[in-house]
Every structure is written in structure tokens, then in C-alpha cells.
Amino acid sequence: MELFGELWASSGMYQMTWGQLAMIGVCLLLLYLAIVRRFEPLLLVTIGFGGILSNIPGVEIATGNGLLHLAYVVGIESGAFPLIIFMGVGALTDFGPLLANPKTLFLGAAAQFGIFATLLGALGLSALGVFDFSVREAAAIGIIGGADGPTAIYVAGKLAPDLLGAIAVAAYSYMALVPLIQPPIMRLLTTAEERAIEMRQLRVVSRTERVLFPLLLLLLVALMLPSAAPLLGMFCFGNLMRECGVVDRLSETTQTSLINIVTIFLGLAVGSKLAAGQFLVPSTLGILLLGMVAFAIGTASGVLMGRLMNLLTREPINPLIGAAGVSAVPMASRVANRVGLEANPHNYLLMHAMGPNVAGVIGSAVAAGVMILFAGP
Amino acid sequence: MELFGELWASSGMYQMTWGQLAMIGVCLLLLYLAIVRRFEPLLLVTIGFGGILSNIPGVEIATGNGLLHLAYVVGIESGAFPLIIFMGVGALTDFGPLLANPKTLFLGAAAQFGIFATLLGALGLSALGVFDFSVREAAAIGIIGGADGPTAIYVAGKLAPDLLGAIAVAAYSYMALVPLIQPPIMRLLTTAEERAIEMRQLRVVSRTERVLFPLLLLLLVALMLPSAAPLLGMFCFGNLMRECGVVDRLSETTQTSLINIVTIFLGLAVGSKLAAGQFLVPSTLGILLLGMVAFAIGTASGVLMGRLMNLLTREPINPLIGAAGVSAVPMASRVANRVGLEANPHNYLLMHAMGPNVAGVIGSAVAAGVMILFAGP
Amino acid sequence: MELFGELWASSGMYQMTWGQLAMIGVCLLLLYLAIVRRFEPLLLVTIGFGGILSNIPGVEIATGNGLLHLAYVVGIESGAFPLIIFMGVGALTDFGPLLANPKTLFLGAAAQFGIFATLLGALGLSALGVFDFSVREAAAIGIIGGADGPTAIYVAGKLAPDLLGAIAVAAYSYMALVPLIQPPIMRLLTTAEERAIEMRQLRVVSRTERVLFPLLLLLLVALMLPSAAPLLGMFCFGNLMRECGVVDRLSETTQTSLINIVTIFLGLAVGSKLAAGQFLVPSTLGILLLGMVAFAIGTASGVLMGRLMNLLTREPINPLIGAAGVSAVPMASRVANRVGLEANPHNYLLMHAMGPNVAGVIGSAVAAGVMILFAGP
Amino acid sequence: MTSDLLTQGLELMVVGMGTVFAFLTLLVFATATMSRLIQRWQGADDDMPAPGADRAAEVAAIAAAIALHRRRR
Amino acid sequence: MTSDLLTQGLELMVVGMGTVFAFLTLLVFATATMSRLIQRWQGADDDMPAPGADRAAEVAAIAAAIALHRRRR
Amino acid sequence: MTSDLLTQGLELMVVGMGTVFAFLTLLVFATATMSRLIQRWQGADDDMPAPGADRAAEVAAIAAAIALHRRRR
């Protein structure tokens, strides 16, 4: 019976390419990092599993009418998923520390230098002919330095869809590796005395300030940089729902069911971009490399800005919290806290680092707006 | 560097029109009413914020591939969001009081007179050349008198999409203003003695009655007025899930996550219709005006019907509960209760008012069916 | 006024066909079975109610831009809903019993014989000219024997969309009737001694095994039968989220809000296929008939396989658990437990039956893969 | 045109309110009947006995009154 | 045509059941092996010792039996 | 082409960092002002008094410093 022949011809063993096999290995590695090492599990589990599904040969999953491809078209090409996630992040964000000490916004600004330095680097490598990134692609790669998943995915979806898989994987992997990447840089660029600096306790922030801040931010975006309005607008919307106190049921759902559901399909959809054909290309290597650089530079410039501010202000500022300016909320704050405790066992920086940390989210969204404005369609 | 020029040319300060600025002001007012005055916050917060986003110049949010425009196309043009909300409302509705005293359905019927009087008024003003509303538009405006958000949005989406923003804002604003609009009318049209009437305690309603009622209602709709079947069908479906006792997990999700998620996107999508270009037109003024009239007439005819029924039935009926016939659940019932307590401190009308109140929901859905049937495509 | 004429002409009483009336009766019966007899309520309530809505004449609900038709196109034609449900089922499935006694997988394999016997039967009847089923249709009908709702819907959507309504109704009805259909067959094919057999207590299964199993299963599918990858892939994904322990918030949402929301719309969408025109055709009768046969044969072959294994293995195996191989989780396991207790009051088979029961889910998904591969487009 | 609009409006109003009242009147009767039957069969989980007959009478009275009341307008 | 349909049906049945059994047999072996390895490394969180060898033997016996049993049909 | 790419990159970097700093500086001023006003009106739900004046001074100093610091690059 020739049916058995067909069966064999349709089997994975017969059809699978080495590339697909390799990518399944890579995805299993991501799952290992997520499950055993607990690195950014929410995204690495979903992306990793979606990646495996996308490398099964001879079946429509990440293509055509496959579920993952549909999720990609509906949720990422349209930009809807990252924006909804950003709304959820807004609903989960406490701007208290930032409001208590708005100066820390400067740290969130400085840390974005990593984004633009990487952009320059990517174009440099293309100029040298090492890679062949267009300005758009370079811009999308730079955003990895923003250390903000949804922002990176949103920008990549707009400027360089072909690189989206590699960019998302890089962004989340490095966010996961923050505890390994940042400390050496932080120690290198600060003196033990600086790391030991204890900061003044933060003042209490009134509910009115919390409610008005997202509106203030939204209006500034509307007046200054409309191209950042989709991202920051949804972010402010989520935060307003959280703080206004009259729509708690909406805020609660946004923080749980809604963000969870969207995370699942965002992850699977991103996974659909890990198909061997798209992912196993030289540029991926470049992206992983440049992403790491972006991260390092962002951390460094945040810390240096922290030193500068400490010199310029009467109030003591521990430069370590500058490293939290890259976002990667709340991991980066925990790292700053840990490194601070090494230098001084009474030095609790967590809350102080949350300010620059959320400032970093705003900062990278602003940078994203600039990129979309100038490199965009 | 000319990039700074581009930046300035793309900024909101450069691009924003006075209309957009005005609309942002209007939306901030809606947010104020929602957050500080707690007027219908679930919808006014989402609509208001969506409105601000929609008036940010030079960025696709309420247009093209913008998230809010996508939400509008997917959820409102298709009619899906209002229907899903209606299902949720059904799952949240307790028909007990109505079943204990079905006569109160007449109050829900009478209160719909506001809808049709307004329809006539709108056409009258057009005849006089004050405005230029088509029959369809007049019908959609009249439904504001139904004091039922999803019904108004559903009908407007079908009959007059261009007016949807104004109609939704009017509907929810006046539902929010029920405590201010209704009491004077109620006092004007009733004697102190009537307002003091205490009603007989409601009988207990058996589970069987609760389970069969939504099916009975559905079958009547199917036989009499199919054009009301989408709205009332989903309403009955939600209520059956609530009462049948065997799908509690579905009912629970419908009452929480599902209705909350849809509310968020419904509000944002409606907000996309508050873009200056569409909202700042003379007709909007007419809609706000006529909506107010519709509300007043609906309240009045409900109260008058209450007086009539009190005269005609042996059983004492407090005319105040007639005002609850306009829907605006549960606000209108609370108002009736409050006004009743003014006249007689032992007079608790809340449960008695819930009957006409939910009857009003059915009544306006029926009216909507008639409108779609005769004015519809 | 001729409007009253229009009103009458548009009424259900005027437009309704006998077929529609009959289907409304059928749907009320489904609701009765679901609500009063508690047969598979989650699906029979939603399908039944959707069926009523779909038989209301003269209004777009199950057609055109009607909500139910949109749900069908978006969720079932695309295959998304059954796959998401399958993910949820995976997140709700405990593979512990299966891992403790993997041999029971053979029972899950044997029970799938019902599927293929029915396929043959359907083609036989067509050969005899009794019905006129194509190979695709016969394959879709056979899957009813898999006693797995989402699998049946997924396959029918791919191979025989016109029969989807009847197939889904048959699948869920018979799953509901498992407690009535299976016991006689089980008693007929086993001796009292066999039914009395007590099985060894299951060993404890380590977390590592639980985490690795879904990945192992996925890899086997990828290597052997890619056409089963969409169904089993999502199933494994749900189960991995459940067991990996690092994404509990995603797993929790998948098990509650997400699966509930999708169940509601899946049910309504399936209901849209109960419109008289599509459902009241001879083939429906054939499908109900063949579905019943498929169920019976599946049960029988599961039980016989149980006897065989009991003879061949040193370890005692109660053949009754073979009947659970048809899936219908967890109903079939409860039935095996009950019939076992009749024969021996100390004989608790529930946990032992769960092994073959989940094996049946895998088995029918594999069978579905074969069908799609050979009969598919 | 002008008068035409108004005529349409009037027609819609009469037919509309007519339909609303007709529908809800039917619903009142149907509901009352359903409850009465259910109570007869199951009996007794309610506080005040609901003598269906005179309730139906009431309902009829009201329905009539409404007709009157609407004709007056 | 007629016989053709039946032939297709028979083929599908044989190939289908064959695939189902082949796949699940593989899964049995794979699962048993996985569990055995895991227990060897971690050791000991199970009640009854699972002597992999003879279990594998059992499994083989069953697989063979099934083949037989299917050929009979 | 080559140099062109680099020029574009440099421009984007300068304009980009410029925008980021400009925007966040504005936000710092706006936020500080907002908080000061709110505290003046409501007064008193904070631990350490926030003498707006010298904070604004600080902020100005920093802003200036940043400008300097960026020009150096």
C-alpha cells in the first residue's frame, strides 16, 4: 500500500531540515533558561514553545492559516498586542518613586544612549560591509537597548518585521540576563564610596499626583512627540485606570486576564518568527551582538549620569540606580539594590531605583517615537 | 540639521488644530466627571481617554491601522461589542423583581415614549430646517432616550455611524446625570401622597421561573420582532447562563473578565469617534439637546404611567418607580428610592423599582428593533 | 397604515418555517438535557442557545454580519477556537496516572478503532447508496468516535464544514450519554471476575517527568506525524504551562477566563450550524447513527484490549478501564469506576482509568492527524 | 418633503409605541401565566398567594386603559 | 466507484490504526525510558520500584500481541 | 553611500538623544511644578518639605550640565 509511503514522506524525520532541527534545539534552550533558570519565563516559555511549533515541517502553523501566523498578523503586524501589553504594564506600574523624586527621569534619559549608540554601530558595520542593515533595521535593532520587550516588538513590527524574531529574542534574553550583564559594568564605573551612598527616604506621594501624572505625560506627548503617542498613550491609559480609583474592575482585569491572554498569543506569535528560514541568517548574529552592546552602553551611560547628578546635586544620589534607567522593570532595580547592599549592608536602593527604572520605560518609548518618526514609513 | 525642523513640523504644538485642542478639553471634562464626580466611570473614563488619543494630530490612532480604529471596525461596525456587553448585562441582571410583579413591564413600555417623541422632534427640527437629520439619524438619536448605552451604540452603529460619538457621549452622560435630571420631573408630576405610597413586599420567585423567563422572552422576540433578536437574544443568553446554575464558570467569566475587556475596547473605540473633525459639528449640539429632551419625556411618561396604574389597580403602586422605566440600571432605581424616602422615611422602593428598571432595558431593545426594522438598511 | 403590514410581514410568526420551528424544539431539548439532566452543560447550553438564535427568521445572526456567523468565521473556519480549547484542556490535564503506568496508552490506541470502523461503515453505506458521504465526510464523521469535542470540531471544520453542526451535536451528545451507552457494552464484554480485578496503586510521579512529558510528546509528533501537530502542539503547550511552575499566572488564566470565553463563542458558533436549512438533511440522521456506532465500537475495542493486556501482563489490569480509552474526560473514568464498584465494593478504578482516558485524547488527536493527512485538502 | 418627514415620524411613533406596548403586554400575560403554572405544579415557594385570575383581570384593565390613554394623545 | 470507496476506507483503516498504534507504542517506550532515566538520576520519589528491563519486555510482548490481534481482524 | 549611512546615523543619534533629554527635562519641570502646586493646595501629605524653588534650581543646574556633557561628546 502506497499510503505508508505517503505517511513516511509526510513525516518529520523525512522532511525536517538541519536548520529546523537546530532551531528546535535553540528553542529547547530558551525553555531551559525559562523553566530551570527562571529567566523571563512568561515570554521565554511562550516564545520558545511557539518556536518549536514553527519548526515542525510540512504543517501550517507559523504560515498560511496556521494559528501562530494568524496571531502574528492580527496582533503584531497591527501593533495591537504590544500596545495592549503596554496598557497592562501601565496598570501594573507605580509612579510613586518617580513622583517623589522626578530628577531620576534624567537617569532614564541617559540610559537610552545605548539605543542610539547601537543604531550608529549597526550602520557603521553596514558601512564596513560586515552586515547590511538599512537605517530602519538599525533603528529597530537599537531599540533592544531600551530593555523593554513590548517597545522593541512594536518598533520591529513597524520598521523591520523580518528581524522581529531575532530582536524579540535578543530583547527578552538580555532582559533576562540583566543580573549577569549589569553588575560588572556598574562596579567598573563607580567607586566603592559611591556605591555605598545611602539616599534620603522618599516622600509620600498624594493620590492626586498619581492621578494627574499619566494625564500630564499624555499631554506632553501629544504636544511634543505624537509619534510616541500610541505606546505612551496606552501606557498612560493603563496607569490612569490603576490610579483613578473608579474603574478598579477594569484595572484588575487589565492586570490579570487581559495581559495574560495577550502575553500567551504575543509569545506564540513572536515564536512564529523563529522558523529556521527566517531566523538562521547572518543578521541574527549581528542583532544578538549589537543588542548586547546596546545593553552594556545603556547601563554604562545610566551609571555615569548617576555620578554626574550626584556631583551636581546637594542631595546624595547613588549612581547605581542609574543602571536601572534601561528599564527591564523590576529586575534592574533589584540588581541595583543587590550591588548596593554589597557595598553597604544598610543601603536599600530598591525604591530609589524604581524611579529611574520606570523612567527608562518612558525614555525608550520616547526613543521609539523618534525612530518611528525619522526612520519610519 | 533639518531633522530638528522635521521634528518641530511633526510636533503637536505645530500641527494641533483649535478643534482638537477643544476636544481634548471636552475629554478632560469627561474624565473629571468620571473620576471626581464618579459619573458612569467605566465608560466615561475609557471614552474620555480614547477621545484624547483621537485628537492627537499626525499619528494613526483613531484612523487607518491605529488601535482605536481597529477596535471600532472589529467591535462596533460589526456590532459585536455592544452585543457582548448586552450578554454581560444579562448575566448581571436579576429578573426576580420583574417576575414577582410583571405588571411593572408596562412602566418600562411607557418610558420608551421619550424615544419616539424625540424621533418626532428631530424630524420636526429638520422639517423646520434647524438641523438636517435623516429618518435614520433621527431614529438613532431617539434611542438616547432609552437610557441604555449598548443599545444606543448598537443602533447608532447600524443607522447613523457618523453620529455614533455624539450619541454615545450623550447616552452615557445623561445616564450619569440621572440623579440630577429625574428628581425635579418626578416631583413635578406626582403628589406628596403618591410619593409616600408604600408597596407590598415582593413574593419570592422560584428558580424555575428565573430559568424559563429568558427563554420565554427569547421565543416572544423570535415570534413577534426578529429585528430585536440580536440584542435581546444575547441579553437572554447571558441571563440564562446566570440562572440555569449548570454553567456558573461561564457566567462568572462573562460577568467579570469578558465584560471588562470588552468595556475597555468599546470605550476606546467610541472615543475614536470624538475626533474634532467628526464631533465638532452643529448636529452634535442638536443630539445633546434632543437626548436631554428624550430623557425628560421618558421619565415623565414613566411616572404618568405609574400614576395611571396606581389608579387602575387595587394593589398600591408608587408612581416614582415609573421613572425607573427608562433603564439606566441601577441608578434610576436608586433615584426612585431616594425620592421616595424624602416623602416617607419608611418607604423603600429600591426593589420595586428594579422591575420597571430592567423592563426599561427590554423596552428600549424592543424600540431599537422597531427602529432597525423600519428605518434600517 | 401599511407599516403594520410590514411589521406583520417581518414577524417570526409570518416568516418562520416548520423546519425552523422544529430546530427550535430540538435546541430546547438540548437545553433541557444540559440544564435539567446536566449533560455536558458547558457546550450544550451554548450550542443549544446558539441554535435557537440561528433559527429566528429574517434577521442576520447566523449569517452575513451576524455575531454568530462572525464567530464561526473567525474562530472555527480558522481552526482557532478548537485549538485554544485544546490548549486549555492541556492546562487542565494531569498526566500523572498515564506517566505512572504508560502501558495504558495501548488502551487509548485500541479505543480509536471505533473511529476507523465508522469511517469504513460510512463509506459502506455510501457504496450501498444509503447515504452519499465522500471520503472526507466519512473521516470527519468517524472522529465522533474519538469522543473528543474540540478534535471533532477541528477536523469537521477542515474536512466537512457542512456537516459540522451535526458532528458537533453528535459528539457532545454522545459524550453526555457516556454513562448510558458504555456500561451495557462493558458488562457484555467482561466477566464478573475481570470487573472485580483490583489494580496496584500508582507510583508517585516526579515533577521532572511531568515537565518533560509534554515536550517528549511534542517531539514525537514533530518527527512522526506533523499533521497532528496543531492539535497536540497546543495541547502540550497548555500542559507545559501547567506543569513547568514558572508561568502559573498564564496557566491559571488559560484554565479559567480564556477557556471560558472561547467556550462561549465556540458554542454559539457551532449553534450557527444548527440552522434548519443545514441541519435538517438526511445526512444528519446518518451522522447521529454512525456516531453512536463509533462510540460503541470504540468502547468495545477499548475493553477487549483491556482483557488482552490483562492476559499478557503479570500486573493485574481491570479491562473496564479500557472503556475510558475513548476520551470523554473525565466522564468515562467515572463510569469505569462505577461499574468497577458494582462488581467489587473495594475496587476504586478512577485514577487507573484516568491514564487510558487522557491517552484517548492523544489517540484521537493522532487519528485526526491521519485523517487530515490522507483525506485532507 | 417637510410634511413627508413629519408624517414618517408620526407613523414611526404610533407603530413604534404600538409595538412596544403590544410586545410588553404579551410578555406580561405570558410571564403571569408561566408563573401561575409553575406555582401550581411546584406550589408554594412564595409569600403571597398569586390568584392568577384576578391578576389577569387587572392586566386586562390596564391594557385597555393604555389603549384609551394612547388614543387620547 | 463503489468498491473504490470501500478500498479507500479499508486502506485508511489499516494505515490509520497502524499509525495510531505505532505512534502510541513509540510513546510508551519513550515515556518508560524517560521515567527510568529520571528516576535513576534523581532516584527514589516513587513507591513501587520500576525495573525498566522487564517492563520494556512486557511492552514488547503487548506490541507483538497487538500486531497479531490486528492481523486476525 | 557608506559615509551617507554614518551621517544619517549620527544625525539620528544627536536628534534622538536631544529629543529624549528635551522631553524628559520638560517632564521633570512639569512634574515638579504639578507636585508643588498640588502640595500647596492640599498641603501636607508628605514627609519631607519640598521647597520647590531650590529643587527647580537643582533641575536647571542638571539640565545645563547635561547640555554641556552632550556637547563634549
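When the chains are written out, they are named A, B, C, D, E and F in that same order, and each has its own residue count from 1.
Keep in mind that, in the parts below, a contact is a pair of C-beta atoms (placed from the backbone, for glycine too) under 8 Å apart; a residue touches a chain by one contact, two chains touch by 3 or more.
A quick note: this is a predicted structure, and the numbers were derived from the prediction, not measured.
Hopping across touching chains, the smallest step count from chain E to chain F is 2.
Between chain B and chain F, the least number of touch steps comes to 1. Relative to chain C, the chain whose mean Cα position lies farthest away is F.
Once the centre of each chain is set as its mean CA position, chain D and chain E turn out to be 68 Å apart. Chain C and chain D, compared by their mean Cα positions, are separated by 45 Å. Between chain A and chain B the centroid-to-centroid distance comes to 41 Å (mean Cα coordinates, whole Å).
In terms of their C-alpha centroids, the spacing between chain C and chain E amounts to 23 Å.
Within chain C, residues 3, 7, 224-225, 256-257, 374 each touch two or more of the remaining chains. Within chain D, the positions touching two or more other chains are listed as 12, 15, 19. By the definition of touch given earlier, these chain pairs are in contact: A-B, A-C, A-E, A-F, B-C, B-D, B-F, C-D, C-E. Touching chain B in their complex are the following residues of chain F: 11-12, 14-15, 18-19. Residue ranges on chain B touching chain F, taken from their complex, read 1, 3-4, 7. Listing the residues of chain A that touch chain B in their complex gives 78-80, 83, 211, 215, 218-219, 221-227, 229-230, 233-234, 237, 240-241, 244-247, 249-250, 252-254, 256-258, 373-374.
Note for the complex: chain D touches chain B at residues 2-3, 5-6, 8-10, 12-13, 15-17, 19-28, 30-32, 34-35, 38-39, 42, 45-48, 50, 58-59, 61-62, 65-66, 69. Chain C contributes residues 3, 6-7, 10-13, 15-16, 24, 28, 31, 34-35, 38, 41-42, 45-46, 49, 52-53, 55-61, 65-67, 70, 256-257, 260-261, 263-264, 268 to its touches with chain B in the complex.
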